[in-house]
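First, the structure itself, so that you have it in front of you.
We just call them A, B, C, D, E, F, G and H in the order they show up, numbering each chain from 1.
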Amino acid sequence: GHAKIDHHRTLRSGLPEVIYAAGKTPAQTAEIFSRMAATGVDVLATRADEATAEAVLTAIPAAIHHPSARAITLRQSHAAPRGHVAVLCAGTSDLPIAEEAAITAELFGTHVTRHYDVGVAGLHRILAQRETINQANVVIVCAGMEGALPSVVGGLVGVPVIAVPTSVGYGASFNGAAALLGMLNSCSPNVTVVNIDNGFGAAYTATLIARMAHHP
Amino acid sequence: GHAKIDHHRTLRSGLPEVIYAAGKTPAQTAEIFSRMAATGVDVLATRADEATAEAVLTAIPAAIHHPSARAITLRQSHAAPRGHVAVLCAGTSDLPIAEEAAITAELFGTHVTRHYDVGVAGLHRILAQRETINQANVVIVCAGMEGALPSVVGGLVGVPVIAVPTSVGYGASFNGAAALLGMLNSCSPNVTVVNIDNGFGAAYTATLIARMAHHP
Amino acid sequence: GHAKIDHHRTLRSGLPEVIYAAGKTPAQTAEIFSRMAATGVDVLATRADEATAEAVLTAIPAAIHHPSARAITLRQSHAAPRGHVAVLCAGTSDLPIAEEAAITAELFGTHVTRHYDVGVAGLHRILAQRETINQANVVIVCAGMEGALPSVVGGLVGVPVIAVPTSVGYGASFNGAAALLGMLNSCSPNVTVVNIDNGFGAAYTATLIARMAHHP
Amino acid sequence: GHAKIDHHRTLRSGLPEVIYAAGKTPAQTAEIFSRMAATGVDVLATRADEATAEAVLTAIPAAIHHPSARAITLRQSHAAPRGHVAVLCAGTSDLPIAEEAAITAELFGTHVTRHYDVGVAGLHRILAQRETINQANVVIVCAGMEGALPSVVGGLVGVPVIAVPTSVGYGASFNGAAALLGMLNSCSPNVTVVNIDNGFGAAYTATLIARMAHHP
Amino acid sequence: GHAKIDHHRTLRSGLPEVIYAAGKTPAQTAEIFSRMAATGVDVLATRADEATAEAVLTAIPAAIHHPSARAITLRQSHAAPRGHVAVLCAGTSDLPIAEEAAITAELFGTHVTRHYDVGVAGLHRILAQRETINQANVVIVCAGMEGALPSVVGGLVGVPVIAVPTSVGYGASFNGAAALLGMLNSCSPNVTVVNIDNGFGAAYTATLIARMAHHP
Amino acid sequence: GHAKIDHHRTLRSGLPEVIYAAGKTPAQTAEIFSRMAATGVDVLATRADEATAEAVLTAIPAAIHHPSARAITLRQSHAAPRGHVAVLCAGTSDLPIAEEAAITAELFGTHVTRHYDVGVAGLHRILAQRETINQANVVIVCAGMEGALPSVVGGLVGVPVIAVPTSVGYGASFNGAAALLGMLNSCSPNVTVVNIDNGFGAAYTATLIARMAHHP
Amino acid sequence: GHAKIDHHRTLRSGLPEVIYAAGKTPAQTAEIFSRMAATGVDVLATRADEATAEAVLTAIPAAIHHPSARAITLRQSHAAPRGHVAVLCAGTSDLPIAEEAAITAELFGTHVTRHYDVGVAGLHRILAQRETINQANVVIVCAGMEGALPSVVGGLVGVPVIAVPTSVGYGASFNGAAALLGMLNSCSPNVTVVNIDNGFGAAYTATLIARMAHHP
Amino acid sequence: GHAKIDHHRTLRSGLPEVIYAAGKTPAQTAEIFSRMAATGVDVLATRADEATAEAVLTAIPAAIHHPSARAITLRQSHAAPRGHVAVLCAGTSDLPIAEEAAITAELFGTHVTRHYDVGVAGLHRILAQRETINQANVVIVCAGMEGALPSVVGGLVGVPVIAVPTSVGYGASFNGAAALLGMLNSCSPNVTVVNIDNGFGAAYTATLIARMAHHP
C-alpha cells in the first residue's frame, strides 16, 4: 500500500484521481480503491479485468463493475450532471474504448449520450443522429482502422471534437497507428487527439470542457 | 534513344505505353514521344515539367500540354469513349494528382467526370454530387492528409473505388503515408489502393474496369 | 443481438453483408449468422475459428465450414456464376488468404480458378498456367515475403490485378509490410492493393469487376 | 478564383474560414483574401511568405502582416474578447508556431497571454509565470525536441492543455515526430494533441473552449 | 558449461562480469553463477525469473533474490561504498527497471538513494526531494510514456544524468520508443541515454562515474 | 592531404582502395587520386560529379570519366580479366547504379556483361537474355520500386545473386526502402543484399567471388 | 501431400531443396521429408520443433536432429567436402542461427569451422582465432544487438563475408532491425546481408561460393 | 535581443551557457555572443556558418572561428585543464562532429586528445592508439554508417564511453538512425548515447565526468 494518492490534481481540476489497474494485482487495486473510497470521494478504476473487479467489489460492495468498459466506479457525490458529452464510435469493436470514455465522463459528472456503430462507410447512420450530437458541448469520437470518423463529425458540429484512435484493425492498421495518423491530419480544425485506446484521457478533457459550458 | 518501347503490354491491354518524364531530360522525352507518335498511336507523357512540355510541343505541335496535370497528350485514335470514370479529390491541393488521373483516363478512351474539393469535413459537397458519381462504372478518389474520402465514397457507391493517397499535408502526414495507411484500412470493402501520388496507375486500372462495363 | 445489419450496402452493390468473426464470440457470430440466414440471402462469415464454426453449424446445419479459409458459407441463391476470377498465391503458406479470397468470390457468384504455389523464384510454375490465367476477367494475387508475384502477373495479363500482401515471412518481412510496400511500388500499372491478409476485400472488388464483364 | 468559400463551417462554429497560403501563389491568396474581406468578416491567412504578404497588403492595405507568425490578419468585427488563452513555448525556435496560435486566437476574439522560452530544463522560468497561466481557460503549449512541456503544464493547471509538437530539433527529433509521440503519451490526462506545427488548429479548438467559459 | 567468463573486462573496469539470465535455463544460470561465486568475487544475475532464482539460491544459499528487480546478487567483497548514485523513476510501473539499476549500483559498490514515483505531472514530488538528489555524483532517471523526467532533472542538477527509457505505456508509446526519442532529444545537455529498459547498463556507467568522484 | 591510404585491405583482398568522392571537394579527390596513381596501382573514384571529374582529369589526363556511373577510373595494371560478372537492372532509371557496379567490376579485373531494362513486368526481356546471364559466375541485380527482379533472377541461375536496391521510385518506395525490404525477403536462397544504391559494394564482393571461379 | 518438390532449382545449383518446417504440422513435414528421402538425395528441414523432429525420426530413423539448430538432416550422398566456410557468432544467444548456418553448409558439402561468442566488445576473442578464419573461402557472421561483428571481420579477411542479423536483443534492437541496419551500412565492402535470422540463406550462398574456390 | 541568458545552469554545473547558432541570424548570434562576452566568461557558439563567424569576429575580434567544427569560441578564463577526454571518430566524414566535441571539451577546460579515422574495418588503426586512449577519463566516439566503433572502444577501455551517432552515410543509414540504433544496442555496458550529430552534448557530459576524476 505504498502508492501515494495525488491530492494536488484533484484540487486543481475538481476531478477525482483514477486508478490505472493494468499492471497492478487485484489486491493492489482493491487496496487503493478502498483507501480512496474511505475519503468519501467518487472513485474510478480503468483497465480492470474480471479478477480485479471481483476483488474490488468484495471490498466495496457498493462499487459497480462495467465489463464492456473494463471499468469499476463508485459514486459517492450527489451533484447534478453539468454539460453534455456525446460519445461516438465507428464500429462495434471500438465499443470498449467508447464505453471507457462514457463511463468516465458520467462518473465525472456530465450528461453522456452514446452514438455507436456510426462509421463513415454508411453515412446514413451518423446523419440520422445528427440532431442529438449537435446539442453536445463536446464530442468524443472513437475509431480504429482508417480513423476517418472524427473528420466527418468535425465538419458536422461546431464544438470541440476529441478523437480517440483505437487499436481495432489488422495488417497495415499497425495496432492503431494508422487511425492515429489519420486523426492528427484531420482537415477539420476542431479535432484534437489523444493516445491510442485512451478513452479515459478523452473523457477527462471532455469533462473539463463540458463543465465550462455549464457553470452553475 | 536506346530505350525500348514495350509493344507486348500494348497488345495485352489495348492501352498505349506511357512515358514517365521524371528523371528524363526534355530532349530524351521529346525523342521518345516523337518516336511513339510516328507509329500513329495515342501518346502520353506524365510528370512533365515546363521545359519538357516545350521540347515535346516543338517536336510534335499537335500534342497538348496539361500544366495542372503535368502531362502531355497526343490523341491520334478516333474511337468513341467507353465507360464512365468519376474522378474525385478532397482538396484543391490534390488537384494535380486528380488531373493526372483524369487526363490519363480520357486519353485512354473513357468518359471522365470531375468532382473536386469534396473533402469529408464538409459532407454537403459530396452529397450534392452523389447522383452523377453514382452513374460511374468506377470511381477514383484522390486525397491527402487523413485520406478519409475513399471510405465515405466507398459507402455511397456500388462500384469499385480506386484510392490515390496524395503527398498533400505536413507534419504527421509523412508525405502521404498517413493517407496511404488510412486508405489501406478502409472499412469500405470496395476500395483498393495505389501508390502515393500515382494518379496514372489509378486511371490505368480504372480504364480496364470501365471498358468491361461497356464492351462494344 | 444489438448489431445492425446494413441493408444499404447490399442494395447498392448487390453483394451480401459479411460477418467479420474475429473479436466476436462463437455465440455472437452464430446469432448474427442465423438472423441473416433467416432472410433467405447468402451468408458469409470470415476469420472464423473452430469453435465459431461449430456454433454456426449447430445453428444452421446447411452452412459449410472451409477450415483452410477460416470461413463459413451458406448458399441460398441459385444464380449461375458471372465472370471469372483467377486466384493465385506465391507459396503454400499464403493459402489461407488465397482461400479466403476464393471462397468469398465463389459465394458472391463468380467462377473461380485457383493457381497456388506459383512464386517467382520458379517462373516455370506460373508460365505453365498462363493460358488459364489469361482467361480471367480479374486476377487476385496473394504473396508474402517480397511480394513480387503481382508485378510479374501484371505483366502477363491485360486485366486488373488485385494484390493481397500476406503476413507470411519473418524478420524484415515485418508481418507483411515488406510485401505491402513491394506491391504498392509495382511497376505493372494494372496492380491495385488491399490491406495485409485482406483476401475478403480483394474478392469483394474482384467480384464487382468480374460482374461488369459478364452482365446478363 | 474558382475556390469555394465554405460558409457552412462559419455558421456552425461562429469562426471565419481561414486561408492556408502554403501551396497557393501570392496572387491566388490575395484574390481569395480580397473576396472574403469584401463580405465584411474577419480574415486570416496562415503560412504566408513575404511575397504573399506583399500581394495581400497591396490589395487590402488595412490587413496586418505578422512576419514571425507567417500570418496576415484583417480585423473587421468589433466584439470584445471572450475567454483567456495562454500560449506557451519551450524555446525561442518554437516561436513561429506559438505566434501562429496566438495571432489566430486573438483574431478569433479571445484574450491571449504569451509565455515564451519556458522549457522544462529551467523550471524556474515556468514556475515564475504560474499565476497568470493559471487564470487561462485553456492553455496551448508548443514544444519541439522532447516535447516535455505539456506534461509539466498539464500538472500545473486545472484546464485543458492543447499540445502542439513543433518540427524544431535535429537528428532523432525526426522533424517533430519525437515531440509528437511524447505529447501523445503525456501522463497528464488534460492534454490533447494536434499535428506537428499546427498552431492554427490548436488556436481554433482553444477558441471554442475559451468561448464556452465566457458566454455573454 | 561452455560459456567463457570474460576476465578482461573485469580487469579493465574493476567491475564484475554479470549474467544476463534471459534466454538461459535456470540450470545454466545457476551453473555459471556457481562457477563465478567459487572465484570469490561479487556476482550478479539480471532478468532472472522465479525459477531461476530458486535454482541459484539452491546452489548458493548466500545469494539474495530481489524479485522487484528480477535480480540475484552475491556479495563477497567488503569494500566501503564509493560515490553516490541517485536513482529516480517517474511512475510506479517503472519500478522494476529502477530497481535493476539500484541493485546493480549497490552491488558494484556505490551508495544509492531511491526517489520513486516523481513524474513531471506532479512537480511538487520531485521538488520535494531536490536536496538529496543534488548531493549525488550521478543521477539515473527511469521513465516510460513521454520520458520527460530526465530533462527536468537535468535542469535541476549539475552532474551527469543517465536516462533509461522504459517500455511502460501503451499505444503510441511503442514499447518505449516514444520515451527513448524524448530522452535523446533532451534539451538538458547533461543527459545521455541507454537502451529501453536497460537499468543494468545505466548502473554500470553510473558506477564508473561515481567512483571517479570518490577515489580513495 | 592528411587522409591515410589503407594498404592493409589491398594486401588482404588484392583489390585497390577506392575514393568515395561524395563529401570531398574536387581538389581533395584529385589530390588523393594523384597520390594513389603515383604508386602505379589501378585507381577508382565513385560518386564523382562533373567538377570532380574535371579536377581529376586535369591532374591525371590518363584517367577516364564515366558520367553515367559517376565514376573515374585509371587502369595501370595489365592482367587479363578473371571471372564473369553479369550486371542487370530493372529500369533505365537504375542505370547509374548498375554502371557504378559494372565499371567497378571491370576495373577490378573481371569480365562484365550488361543486361539493362529487364524488369519483371515484361518477363520476355529477361528470358531473352537468359543464356548469357547463365554463364556468369555471379550476378548483380539493381532494382528500385518493388525490387522484385533479384528473386526472379535467383530462380533462373545457379550462382550467387547480389541484390542492389536503388532509390528509384516515389511515394511508398521511401527512397529505396521498399526495394531493400523486398530483396531481404527474397524467396530465392541465393540472394544476398547490399545497401541502397551501393553498386560499388556489390561489385567488390562480386569480384571476390568471380575470381574464385577463375584462379589462374 | 500436394506440395510440389521443385527439381528445377536442384538441377541449377546442385543443392537439394529444403523444407521450411515453420507453419507446417509435424505430419506434413515428415511426409515431405520421407518423399524426398526416398529419392536418394540429401534432405534438410529447418525451423523444426521437438514434435516435428520426433515425427521425422520415427519415419526416417537415419535422419539426425540438431536441436540447437532446430534442424533435421539426412545425409545420403558420399562426396568429400569442397571449400571452407567459417561460421562466427557474436554472443551465445546467436547460437541457434549460427548452428542453422553451420549444419546447412555441412549438409551441402562444405568444410565448416565454428567460431562462437567472439563479439566485438572483447576483441581478443576474435583476434585469437584470426588465423583459422583467414583460411576460409567465405565467412558467415551472425550477430544481434548492434550487429557490429561483420564490419570487424570484413576488415580482417580478404574473402566475402555474409552477415546474418539475429533477433537477439531487446528494446531498441527492434527484433533484429538494428543489427540489420548496421550490417547494411557496413564500411567493409566485402559484406553482403541476408534477412534477420536467415542462417539457412547465408549457408546456401556461402556454399555456392566455397564450391567455386574448390572445383574438383 | 530579448533572449534571456540562463545563469542558473551555469551556477549549477560550472559550465558556460552556449549559443546554438542554427536558426539564428548572424546578427542575433553576434549580439548574444557580445552580451555574454561582456560578462567576462568563456563563450561558445555551435553550428555557426561562415556568415555568422564573420559577424561574431567583427564584433569580438578575440573570438576564434573553428570552421571544421562550425564553432566559435572566446576564451577569457585562465584555469589549467582538468581531466582528459579522448575524442575518436570512425571516418573522415565524421570529423565535423568530432571537432565540435573536441573544441567544446577544450573550451570547457579539459585536456583533449584526438584519434580520428580509426573505424573498425581496419582494427590496426585503433589498436595502434590504444595506449593514449586508455589514459583518458572518458572517451567520446563519433561514428556514422553502422556505428560499430563505440562497442569496440567500450571493450578496450575501463571508463565511460559517450557514443555520438553521426548522419554520415546514405541509403539505409537513414541519416544516422542506423548508427544510433547500433549504439543503443551496444554490448559494451559502459556506452551511453546522445542524439545524432550532438558532439556538443557529448562534450558537455564528458567534461562533467572528466572533472570528477581531477578535482583540484
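What we mean here is this: a contact is a pair of C-beta atoms (placed from the backbone, for glycine too) under 8 Å apart; a residue touches a chain by one contact, two chains touch by 3 or more.
Since this is a predicted model, take the numbers as computed values, not measurements.
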If a chain touches subunit C and subunit G alike, it appears here: F
Pair joined by more contacting C-beta pairs (C-F or F-H): C-F
Whole-Å gap separating subunit C and subunit D, where each centre is the average of the chain's CA atoms: 47
Centroid distance [mean C-alpha coordinates] between subunit E and subunit B, Å: 57
Geometric centre distance via CA averages, subunit F-subunit B, whole Å: 36
Approximate Å spacing (C-alpha centroids) for the pair subunit E, subunit H: 27
Multi-chain contact residues (two or more partners), subunit G: 8-9, 121-122, 155-156, 171-173, 177, 180, 184-185, 195
Chain-to-chain touches, reported pairwise for every pair that qualifies: A-B, A-C, A-D, A-E, B-C, B-D, B-F, C-F, C-G, D-E, D-H, E-G, E-H, F-G, F-H, G-H
Complex interface listing, subunit B residues touching subunit C: 8-9, 12-14, 18, 137, 155-160, 162, 180, 184-185, 189-195, 200-202, 204-205, 208-209, 212-213, 215
Touching residues (chain side subunit A, partner subunit B) in the complex: 90-91, 119-123, 145-148, 151-152, 154-156, 169, 171-174, 177-179, 181-188
Complex contacts: residues of subunit C adjacent to subunit G: 92-93, 117, 121-122, 124-125, 168, 170-173
Touching residues (chain side subunit H, partner subunit D) in the complex: 3-4, 6, 8-9, 22-23, 165, 167, 175-177, 180, 195-198
